[in-house]
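Before anything else, here's the structure in question.
Going by the order they are written in, the chains are A, B, C and D; count residues from 1 in each one.
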Amino acid sequence: MRPDPQIITELHERMVRIRFFEEAAGRLFEATKIPGFVHLYVGQEAVAAGVCVALRDDDQISSTHRGHGHLVARGGDLERMMAELMGKATGYCQGKGGSMHICDLELNMLGANGIVGGGVPIAVGAGFANRYRGNDTVSVVFFGDGSTNIGAFHEAANMAAALQLPVLFVCENNEYAEYTARDRTMAIDDVVERAAAYGMPGRVVDGMDAVAVYESTGAALDSIRAGKGPVFLECKTYRYFNHHGIQTLGMKYRSDDEVAEWRERDAITALEAAMVADGVATAADIQATRAAVTAEIDTAIQFAEASPLPDPDRLLDDVYSVARS
Amino acid sequence: MSDRELTYLHAFTEGLRQMMEADPDVFVAGEDVGRTGGVFHSFDGLVDDFGERRMVDTPISEQAIIGLGIGAAVVGLRPVVDLMFMDFVLVAMDQIANQAAKLKYMFGGNASLPLTITTMGGAGLSAGAQHSQSLEAMLCHVPGLKVVMPSTPHDLKGLLVASVRDDNPCVVVLHKRLLGSKGVVPEDVYEVPIGSAAVTRAGSDVTVVAYSRMAAEAMAAADALAAEGISCEVIDLRSVLPLDIDTVLVSARKTNRVVVVHEAVRSGGVGAELAAQIQDHAFDYLDAPVARVGAPFAPVPFSPALESAYVPDSAVIAAQIRETLYRPMPGERR
Amino acid sequence: MRPDPQIITELHERMVRIRFFEEAAGRLFEATKIPGFVHLYVGQEAVAAGVCVALRDDDQISSTHRGHGHLVARGGDLERMMAELMGKATGYCQGKGGSMHICDLELNMLGANGIVGGGVPIAVGAGFANRYRGNDTVSVVFFGDGSTNIGAFHEAANMAAALQLPVLFVCENNEYAEYTARDRTMAIDDVVERAAAYGMPGRVVDGMDAVAVYESTGAALDSIRAGKGPVFLECKTYRYFNHHGIQTLGMKYRSDDEVAEWRERDAITALEAAMVADGVATAADIQATRAAVTAEIDTAIQFAEASPLPDPDRLLDDVYSVARS
Amino acid sequence: MSDRELTYLHAFTEGLRQMMEADPDVFVAGEDVGRTGGVFHSFDGLVDDFGERRMVDTPISEQAIIGLGIGAAVVGLRPVVDLMFMDFVLVAMDQIANQAAKLKYMFGGNASLPLTITTMGGAGLSAGAQHSQSLEAMLCHVPGLKVVMPSTPHDLKGLLVASVRDDNPCVVVLHKRLLGSKGVVPEDVYEVPIGSAAVTRAGSDVTVVAYSRMAAEAMAAADALAAEGISCEVIDLRSVLPLDIDTVLVSARKTNRVVVVHEAVRSGGVGAELAAQIQDHAFDYLDAPVARVGAPFAPVPFSPALESAYVPDSAVIAAQIRETLYRPMPGERR
């Protein structure tokens, strides 16, 4: 049985917000208004939305270099996000972090990370703290298929399992690490096969189906909150754009046909069709949502563009905490 | 009794126990730190007092051990995580230098990281090239970290307390050859401020700056030279990041000659930074180049016959001091 | 069907040589004639002997902090080994390496290693070189159960499988990492379960049975030489002595009964019984072997004790190669 | 034509191609170095010429990438392994500093390790705190390694060739902001000796020592100051381990004033070792303290507005030179 209509609408709205935010970020990047790198989340929206809608506010999430979608799904402030991407003083990190280090500790979003796998041990540390405090808060860590080849992932996954910590491992398997296909870097069919090496229950989910992700996440969270230890969720998904930036077609590392096939399974289009079919929303409602989100993002862009650059006099602030317990 | 003596090892354990008693958010994680009490016994008995919830034995996973500390600290606990040997800092360097050290800055200040990393450095036990290093210079080049290297039981306890209470990632480096050394340690909780050096001997002819085990060797050299009528002022840095350069400069401007000593490889060591700052800020006061004593440019050899020639000692320090005072003794080992 | 008598005798002799060498090293360590640490191999002899007897001379082996047994099994020079442990100039490493860095490149023994897991990526590199050269040489890497929790192991195992390299992974599962029981650091029953995470065939062997280890190694080598990629062999074994040094009983991290049970399955005693039963050797032959090995080791000790310490003037030699291609 | 120009990027690719043509034991392994030709295109086309056997795409496994090189080198191949960004050196530090650097010594000399590690350092692309670092000082503190940081296409090709031919682990650090810079590069194979600096501009008032991208900034500062009648001698170190201290000292004894410049964090950087050695060996020649220009003690910020204030440039260098010549310009940024 499908989840409540409010849930469906939530999933839809968050996916649309991610999609539009990322498309805007891509345009601004190509217009050189966003410096550095942007690793866009377009195509994978069902994962961030499905997971985050299932979470409680006190649960933590940790992210990767491809982190915008996770923060948007968590309810991140689009103005502060866009400002950070543009390196403005009003950004989440006052311009010091940028796309790869965006975070919102008030939303228990522990940060994106520029080091592949680097955030996984940190997420396990947050899970440890939850257990230490005796609450049933869960630490959720997003990571890519390619990151499961790095040592930090392995150590952290094993640590979580050995200590039976409340951590949900969400692998976003988009089948590529930069320009290298997954089958060239690991000799297994599904990334989830790695969970057994840690004695961790694992499950594969259609990462193009927000409802499926939402439901599997809910089941996993129940088990984790019940003290049964970490769970591994492999979400089969795909990034539409290039590893970084937008360009999507005519890349030699993957065929345009492959991209087209995945786009046909687009999570947003599919959910919208289902919403109309199930009478959860009318085409007009959906248009209204899209229009509202577009407006939000326009406002965010205006805010970011109007915001000042950081004052170089603040360069040396924030290296150390001065306050002490 | 204020003149109670403790070993360096027990000063560490006592300081840690008192921090754990004072703050329920303080816990310890590392390899064999719990049931075993640490391979150097520095955590002995803590599991009996605080249980396995707060004395956590981990898998052999240095990256995940540091990450455990970072994640727990960023959500508000006050972790102490242990790397058995300082050489293993290299295994966890990404988590230490790319993650812990930079997290607050990358987040625009919206975080604090009350994390303490404890580890055991230094040579002299024939532990070989991968279990004997002094790698503080690498850590001192990383903005965001603090690094302390106490030489006495008193300073070890005080700096451990200050580090655990500090809201920044602090690395507390013990020296394996000091574990049995004794000294007066107050029973109550006290701090030795991070970044403050101690003038451990007043003198007028030359300033000898050292830290960790070399502070004791420097003192021994000073004693020996006193018999020759050479008056050494000895400074124990105690912290290497931040450096208490002011205390060093005051002394340098007084004695006009400085010898910096550490056990780490001389080239690229903390002594280089000290020499660079001293010649910069006391240029007109120096009657001789700032001299540096450290290990030669080689890995730490295993054989005691080689290791004893590799690690600086009071004789090498004394020889350098004589040379800096323009009183070289021909044919002396450097 | 059992292997040829010569093989059995080989296995026996090498195990005895390891056992006596290690017992002597332990005594010399307690007598402070060996400085630093010694991680003794006593109890695990069947693994090193079983694997090494099955190897070709051109195959490489890589070892760990507990590496004496591997070099002895590979035919290492006992005199140079003992001299190295004592830090003498005549040692394998001229006293610069010691117990944890002992090696013999002429025997294709690529070295012990002081960093847990540190030798695994290096062994995989040797395997890569074999494939690169198009020969059917195999790189064999020994590692402990505890080392499978560290990132370097994970990255190297996955690399070997992803590139289908000729590497034999020999896990010596003695159920402890220092003073911590394995079940406290990994939530799996058998370490071999980790092989599947790399798409690597894995097999469990009785590490107290030299013949079983020899046969499984042979089968694994055949598959690897046939180009089928790396294989994971878990050898269930046990160390009789303490993690480092000798003291074996009265340790709080494992019970004396447990030690006693394993000692009852002693690989050498068992093989000797079988040799006599099968008529491969008489009790006298076995005594002769033991006597001969004892003599060898006495000679090695005398050589080492009579050898000079390294000359401090050589301290700075060997940091860099001066010759260049 | 001996005056053919190439970009820094293409000089690298050409040098590597020529080494692969000359020696069948040379291969390249790293992330996306094969089919993709490297994320910076520095390996473009090599897979077409040498195939995937010799241009090996690896998983994201920096420790195993370095280990692959160590193991292949110790059994006789001549690997070139790539770490996409220099920041990832910290992920693989155990394999680099505990394994590769020490292997020969620990084995008593019974091994050689013809291993080349290539990587991309430096800031200026708003890549943030984990993709912009200059970490050479950490590597320079590790006996057994060699580290080169060329600033021109010519030196990059020559030092790459020398590194690949060298029987020791060599780290070749490219600078991402130099990739498009052009210069004359001989077509034939040649070496720039590791450990030899170049006097790139003769002068009499002050010696400016720099490397990598800062060598160009130093030259720009020298040009600007020439207009003010200040004559700078500029030295491009080219290698940071070993250091060509002799070339620096000859110049220092001539100009009596030295400014050392690097992009890395100033504190604990290569400049500290240089300053320490210069004041030691040219003490009586110095008319001013050896000055150091480097990044302030903070991670690399993301925003261009901050990053441009963080990374030293010709203006900051010129300001420091004026000050070292006792001609400070009040209120100038340091």
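The criterion applied here is as follows: a residue touches a chain if its C-beta (ideal position, glycine included) is under 8 Å from a C-beta of that chain, and two chains touch if they have at least 3 such contacts.
Remember, it's a predicted structure, so these values are computed and weren't measured experimentally.
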Pair joined by the larger number of C-beta contacts - B-C, C-D: C-D
Of all other chains, the one whose Cα centre sits farthest from chain A: C
Distance from chain D to chain B - Cα centre to Cα centre, in angstrom: 30
Averaged-CA centre spacing for the pair chain C and chain B, given as whole angstrom: 36
For chain A paired with chain B, centre-to-centre distance based on mean C-alpha positions, whole Å: 41
Junction residues of chain A, two or more chains touched: 93, 95-97, 101, 113-115, 118, 149-152, 155, 158, 162, 184-186, 319
Shared interface positions of chain D, touching two or more other chains: 58-59, 61-63, 87-88, 91, 94, 98, 105-106, 128-130, 143-144, 297-299, 301-302
Residue numbers on chain A that touch chain C, as the complex places them: 149-155, 158, 161-162, 164, 184-188, 193-194, 196-200, 229
Contact set on chain B toward chain A in their complex: 23, 27, 29, 53, 56, 58-59, 61-79, 94-95, 98-99, 103-114, 143-144, 146, 165-168
Complex interface listing, chain C residues touching chain D: 60, 62, 91-97, 101, 103, 105, 110-111, 113-115, 118, 120-130, 132, 139, 151-152, 155-156, 158-159, 162-163, 317-321, 323-325
For the chain B and chain C complex, residues of the former touching the latter: 31-32, 35-36, 39, 57-63, 87-88, 91, 125-131, 296-299, 301-306, 309-310
Touching residues on chain C, where the partner in the complex is chain B: 35-37, 87-88, 93, 95-101, 113-118, 146-147, 149-152, 177-180, 184-186, 252-253, 309-310, 312, 314-316, 319
